[in-house]
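In what follows, a structure is listed as structure tokens, so that the remarks can point back to it.
In order of appearance the chains are A, B, C and D, and numbering begins at 1 in each one.
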């Protein structure tokens, strides 16, 4: 598995956005009318995320092809990205001789308990997660300020994929 | 709101598949290699679901445009369909003068309790759902044998959209 | 190359539409408003053509991967299908270790000359096509009543792919 | 029509790429294997062009909705962009109450004649273009160094849309 980690290490660290980048002008793209007034510019166009998702799917396919994986989607933020990523992996799977059987599970995290902020993350509405033991688990999460990221916990190692 | 219900009633009941329809030959479409051996034919190609989803998004936009809605996605089955549908509604929203502000929430249902089957549905991992009171709620669910369906609970009425 | 022809022969003959199939109800799909009144039903939804195009791209990749090809797009009918097909082949090409370098050329055909119908097809606006000699040429054409079809003329053989 | 021109004038001039922008790292995106070695970086990701195409389609719909147009696609460079743009306009057309009936025609240009470079552009393989008289014509062209651009010749005016 060390080899796999090394392989991921050689990859780019994601999209770097300079602090002085003013973003794209709003009238270059379509956006919902009820956002106008609240938006100044577009930092990462939707299509760039789609292109990055396509490449991440390929990286995952290259690293994990022919292994079963469990996709753990962290709600609520991660669900659209997870759906796009899973669709891309499926597209690769159905058009090649390699395949990644996937099951998707959902969890919610929160960092407070009984209205008290804690330093620990609590898994909300969790059923027993013991079925993950010994599995290849792909955790899909969207967090700030790193726009979109997810990581793959392998049985014997860890690969971090970062979208941007 | 009665008018809205009537409008929905005039619409088609979804895709009707005759019992004697043998389906499309498998080699007409791409599908994951690990399904081969388990599949006989394709009954509803993926693209038909995409086309239907586009039309449902338009119907929802026509019925609910300029209203806030809460999308209640029923996991696990509904999440991919929900993601596709929400994306389509957003596409309509950002390319027209009408808009549907949406928030998406997730619930899980099960029909058994403490390993005992019951006739009632239980909402799993539910936080308090009282925030739905007085809202326009779009419940997105995939159930068998009706391949994909969802229904919209309006404040003063009910519209049922059926994909197939 | 005989092997390739045999491989293509084993494939399905495309989508068969029975004469008594009434088609899908119009209100199941979105279509341009200016078509209403002229349409009775939908025989082949757009998404089915997209799904078939994805599979044809895969078949072409399987048959011709790592060969250069010249795509000969027959205008005007074939251009949208050609664009979709080339995009699909490129998607496979950029996500696998195999590749199909492609150049796209355009021709127009007509079956009449100086307002006189003839039994021969004439190539309109043709530059010299001698550059095709010895090349693998993929002719992309849409003809009636076979909704969409195209054929691949290989150096030493012929493969016919039919969409529907 | 002066109003339309003014409206277009208020829009952004397209995507501006600074001379010192090094581009995106190649391993952020998928690209055909046979390009590796020839590419240093990605300047405009494919998804950005798709997003811009969606917005251009909307601008065209806003300016020309409910008018018939003739789309004049300049081969060879413009055909993929033209296919994407026309598909986007159709998507808007079939999901709104407005519509743009379109016919697509194809021309080729060259700036040399009998192997002699000239300062004039010659239309290759041209049938009689007199049918364009009095029509709203949307010319779709891809030219360098302006990556993708096209312009719309109206009966009584001119709108220039620039993708980047």
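In the analysis below, contacts are C-beta pairs under 8 Å (C-beta built on N, C-alpha and C of every residue); 3 or more make two chains touch, one makes a residue touch a chain.
All values derive from a computational prediction rather than experimental measurement.
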Contact-richer chain pair (by C-beta pairs counted) among B-D and A-D: A-D
Gap in Å, rounded to a whole number, between the CA centres of chain B and chain A: 24
Length of the line joining the C-alpha centres of chain B and chain D, rounded to whole Å: 36
Approximate Å spacing (C-alpha centroids) for the pair chain A, chain D: 34
Multi-chain contact sites of chain B, meaning residues that touch two or more partners: 30, 54, 58, 95-96
Arrangement of touching chains [line / ring / star / complete / other]: complete
Contacting residues of chain D [partner chain B, same complex]: 54, 57-58, 61, 92, 95-96
Chain A residues touching chain D - in the complex, by the definition given at the top: 11-12, 14-15, 24-25, 27-30, 45-52, 54-55, 58
List of chain A residues in touch with chain B within their complex: 30-34, 73, 75-76, 79-80, 82-84, 86-87, 90, 93-99, 101, 104-106, 108, 124-127
